[in-house]
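Across the two complexes that follow, chain A remains constant while its partner is chain B and subsequently chain C.
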Partner chain A sequence: MGMRLIARFTARCGRLLLVLAAVAVAAFSLIQASPIDPVDAYLGPQVAQVSPEQRTLIAERWGFDDPAAVQFVKWARNLANGELGWSHVYNAPVSDIIASRFRASLSLLAIAWLGSTLLGFALGVIAGSHEGSLADRLIRLYSYTLASTPIFWLAIAVLLLFSVGLGWTPVCCASPPGMLRADVDWLTRLHHLLLPALTLSLLGVAQIALHTRARMLELMRSDIALYALAQGATRRDIAWRHGARHACLPALTLALASLGELFGGSILVEQVFAYPGLGQATVEAGLRSDIPLLLAIALFTTLFVSLGNAFADLLYRWVDPRLREEVRP
Partner chain B sequence: MKALLAVDALSLSFQRYSGWFRRHAVPCLNDVSLTVVPGEVHAVVGASGAGKSLMAWAVMGLLPANAHLSGTLNFDGLPLDAERLAALRGKCLALIPQSIAALDPLVRSGRQVRWSARRAGIAAHRTPHIARQTLSRYGLATDVEQAYPHTLSGGMARRVLLAMATAGDADLLIADEPTTGLDPCNRQRVLDYLRELADAGKGILLITHDLQHALTVANRVTVFHAGTTLETAPSDAFDGQGERLTMPYTRALWQALPSNGFQAPARERTHEEVLSLA
Partner chain C sequence: MPRRFVFWPASVAICLSFTFPLPVLAKDELVLAIGGEPDQGYDPLLGWGQYGHPLFQSTLLVRRADLSSKPDLATAWSLSDDRLTWTLELRDDVRFSDGSPLTATDVAFTFNQAAKAGGRADLSVLQHARALDDRHVRLTLKEPRITFVESFYTLGIVPAAGRDNGYHDSYGRQPLGSGPYQLVEWQEGEQLIVERNPYFHGPTPAFERLVFLFTGEDTTLAAANAGRLDVAAVPPALAGQPPTGMYPLEMETVDNRGILFPMHPDDGERRGTGAPIGNDVTADPAIRHAINLALDREMLVEVALHGHGRPAYGPADGLPWSNPEDQIEDANPEAAIALLEDADWRLGDNGLRHKNGQTARFRLTYPASDSTRQMLAEVVAAMLTPLGIEAQPTGRHWDEIEREALHRDAILFGWGSHSPQEIYYLYHSQHAGQAFYNAGDYANATVDDYLDAAQQAASFEDSLSLWQKAQWDGETGYGMRGDAAWAWLVNLEHVYYVDECLDLGELPIAPHGHGWPLTASLLDWQWECD
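And then the complex of A and B:
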């Protein structure tokens, strides 16, 4: 048992490393193929004051004359040593930026993820157990509408309504302007977090609700439900005792597999709400050609999404006993 | 003796749409009549597709919304309408389903028996005791309680279903093909359990296509053909060449059994012919 667990864990880590390596190669190649010039990006507006000779000197010193493969190996070796590079946009080590930005994004992502999963699941179970009812039709209408709404548009709409129009929530940022983050109490932080988190959580609701509903419909038409009905169970009893158990498999998979989408959504939402998270840093790094930061974020999100998928696999085994390996003495 | 269940002139059809607006009825059961008295095993025998299971679902009120029923269903002398059915299901009327797919694969067997007892109106604190007692009555040890359905053999799963159906101590038990797919030993075991329940005063409606083995436990046999009941005969009428059976179809069915001459009917009769022979 112990040996098998270790073997499975090692295999999983090996696969994760392979994925990371593949993403590293792909991201590096894309940057190489892009028109970004690292020296120009580093110099910024000062580029006009630098002579061509000096530019060549910088490029030579930083090894930009070397073939791409050599550059990649150098970067990968630094990466393996935990050296992610220096971000010229924030003028700080990339690892520090990612750590602090991710900490800010984490609460946003966590609230949005939990909110969308729980709300989507509950709506799906309710809709699926009362097929054709008013509640079902409303939930379906809501899901289809939501699924076809662009997230940035939704973010702007709620910002206009709640922050500008009604004034219930702050217009921007993670803390009031001019205050140090350390001086802000958690209630104020939550107040700033509320609207972006709500908007982001709406992103995943529709998908999870519709998939949960589909699985519920299947179950409510199965022998299991028919037999439970014969035992005198009510529809609600069947929906929550049997239905929720069966429907949580697709819901979990979807919730954990859509971490990538969630992160993508957070880029847009953080931009609209000017929330200083990892998503906003991604946009900054992209617009201002901060290559080390951009590459590190690509690798970090890969890690984030892969861990989510691994976690889904683990939970699957826990929910469905048929997926557990039989260990017979 | 007063009948526990009385089905009289029951007909069933399903409403279906052909094209966009034209609705027509698909008849499934026609003039089905039978009674079950306490203490008897009443076997319902017929070919697959004869409508035996549909009758069971009609009695339990499990038909889909497009079903149209006519005729009377009485339980304990009172009409069995939707409202009364909802109150009695699980408590007074119980079903042993045809397929072991009715067990939830994600829930431990013991817990499913407890749920079943709870649904039959047993107080929550008593259900663990009742579940253990019922499972052990059918020779299932405590480790079965912890087992998930996919780890059980077909015979054990069938006995778990039996435990679920009897945990609520219902007066009428409808067993829908409870022996399908079981080896001879397990088959006889299940049939004997049903006999025991009948001897304890329950009414058992045993739906099967296996006349030979049904006769080992049944008091009366009703023969089903193409959606209607042809005749009800005491099980000792199935004897010799079947001289005491009134319907030619029943006699032909009896004579076709391997132990009774293995005679095939001259040719397949149509439903109308079967009825006109009466």
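And then the complex of A and C:
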């Protein structure tokens, strides 16, 4: 048993390493194929205000003039030594940037993820167990509307409503204007996190709710449900006693597989709310050809999503006893 | 249920408003959202301070609103007869914000280091800088270049690396300088908080504390409408609808837009980058003059900029090195048609003019992401149709422009700088065909001579008339009356919402780049209410 676990673990790690390598190569090739001239991007509007000599100097200083293969090998060698490289956009070590930005993003992602999973699941169970009822129709309407709403639009809409119109939430940032980081307590932080996290969690709700509902419907139409009904159980009893455990498998899969999507959504939400997370850094790195930073973010996200999926596999075994048994030939 | 739904967030909001009163907008503190966050930090050696006020550092000289010079760190400055050596005398009472004195060593270090740094501050012409004693510094150039003075206004002085508190790798995040403000906290991607530097050598700024929010356009607007801001940079289209308590400030600029013409006929040649060169239609001066004559620039401002701008006739309208005599009566299609007829461009059956089998047709390329330029291109094309000239508005990505269009199409560019060095790059034949500098391969020996003479002038003031002559000397020049190498169209206006109590003093004509340049007059800002 122990041997088998270790073997499984090693295989998983090996696969993860392969995925990471493939992502690194793919991301790097995409950057190379991108039409951005790093020197022009570095200079921005000052593109014609520095001399040709200065352009050469800029390319030398930040390593823009090395051939692509050399850049990649240099980067890979640094990585092997545990260094992620130097970001020219922020003029700082990549590891520092990722650490500080991810700390800001983490609470946002965590709240949004928990929110969307729990809310989506609850809505799905309610809708699925009362097929055709008013609640079901409302939840479906809500889910379809939400599923077809672009997240940035939603973000701007809630910003206008809650921050500008009603004035309940702050318009931007992770802390109030003029307040030092050290003076910001957790309640203020939460207050600033509320709207972005809410918007982001709405992103995942629709999918999870609809899938949970479908699984729930299946169950409610099954013999098990019929038998329980015949014994005098209410629909709610059946839903929560028997259905929830069944229905949470697709919800779990979706919730953990959608971590990548959540991360993508956070990029847009962070832009709208001027929330300084990893999303903003990704946009900058991409638009300005910051190779070490962009590769590091790509790898980091891959790791994040892979771990999410691995975690989902573990949870399956815990939730569903059928998966715990060893498959025998 | 509905009642509970309303009650919950409302009660939270009420609690929060008790626990965390929003910062009172007293006259001690200003909250600004004018962009300008330097991702690399507040490091002058990498280009911080190229626009607007560097806040943390001070510069050798500062500009008045009319762009004339005023001493700051330097009290006296002179250029040697061979135009290669600047000698500057410094004030002796200047201190960094930690109280340590600023000496010539720091100035020399700043210049030497900036020349090597490979950032946005261009000091490539500097040979070396040397401190003669504590108060005198000598800067030696590789060749005469009067526009080097730009660095006197923009390069903030940092403490030499040899000192205890000296320049180091992460200086950009812990800037130490002798400017009016010192860094309190920079929350990256979010906001910058600064407070007065107690050791500042100049007049004490009116505001103890400044908060700069680095929000995007939408968020800035939302914050302004929620009454959280004292100054906000907003798109020109919104100038008419300021929130209560704020007024729209329209700042004149040389943030210009104009059409670059390829000057050579198409001989099938290509650049090293593979980009084709030349355009048979725009190579004809009659076409370029006719376009300059026919365009109704007032109308362009009305239509494409919603009235928020002014007509542009040159690359630096209103700046001292621009020639006011290079003026024509534009919006005159009749004169343009007469000119085309004289040059043998005959109207054909298809409504277009022809000459020697060549149709008066060219692509007018603009970066596809820029809606203002797209609008300008469309309106220009419509204005040229009655002449029998077909300009085909074509949106492309910058990369495609560089590969395909840069030296072959007429291109809608935008420039605008506080240094005439830009004129040199745009029109000197030395930079002909070099990427974005003089992309149309413009070359005129007389203009070259004026531009070189300007660079070798004895002082910046002396160079002004030479820059002007390069534009138009009565016979030739790069301007509309001369070679008409460009058709300049409009200068944008930068719009800000400003609190009604805030007086921003006299504002200079702003360069390219909406936002931070507003801070140029920072030290003159005053609060007018109690």
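The rule is simple: the second predicted complex is superposed on the first by the 288 of 329 C-alpha atoms of A that agree within 3 Å, B and C clash if a C-alpha of one lies under 4 Å from a C-alpha of the other, contacts with A are read in each partner's own complex, and residues count from 1 in each chain.
The rule is simple: a residue touches a chain if its C-beta (ideal position, glycine included) is under 8 Å from a C-beta of that chain, and two chains touch if they have at least 3 such contacts.
Source: prediction; values computed, not measured.
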Chain B versus chain C as contact partner of A:R322, first or second or both or neither: first
First (chain B), second (chain C), both or neither touched by A:D223: first
First, second, both or neither for A:R140, with chain B first and chain C second: neither
Which of chain B and chain C A:R189 touches, first, second, both or neither: neither
Chain A residues touched - chain C or chain B, whichever exceeds: C
Touching partner for A:H246 - first (chain B), second (chain C), both, neither: first
First (chain B), second (chain C), both or neither touched by A:R235: neither
Which superposed partner A:I36 touches (first chain B, second chain C, both, neither): second
Touching both chain B and chain C, residues of chain A: none
Residue numbers on chain B that touch chain A, as the complex places them: 60, 62, 86, 89-91, 94-95, 97, 99, 101-107, 115-116, 119-121, 148, 150-151, 164-165, 168
Residues of chain C touching chain A in the complex: 9-10, 12-13, 16, 19-20, 22-23, 29, 31, 39-41, 43, 46-47, 50, 116-120, 122, 124-125, 170, 172-173, 184-185, 187-191, 193, 209, 211, 213-216, 218-219, 222-223, 225-226, 228, 397-400, 402, 415, 417, 419, 421-422, 425-426, 431, 434, 436-437, 512-513
Residues on chain A engaged by chain C in the complex (per definition of touch): 35-37, 40, 42-43, 45-54, 57-58, 60-62, 88-92, 100, 156, 159-160, 163-164, 166-169, 171-181, 187-188, 191, 271-276, 280-281, 284
List of chain A residues in touch with chain B within their complex: 222-224, 226-233, 237, 241-242, 245-246, 319-322, 326
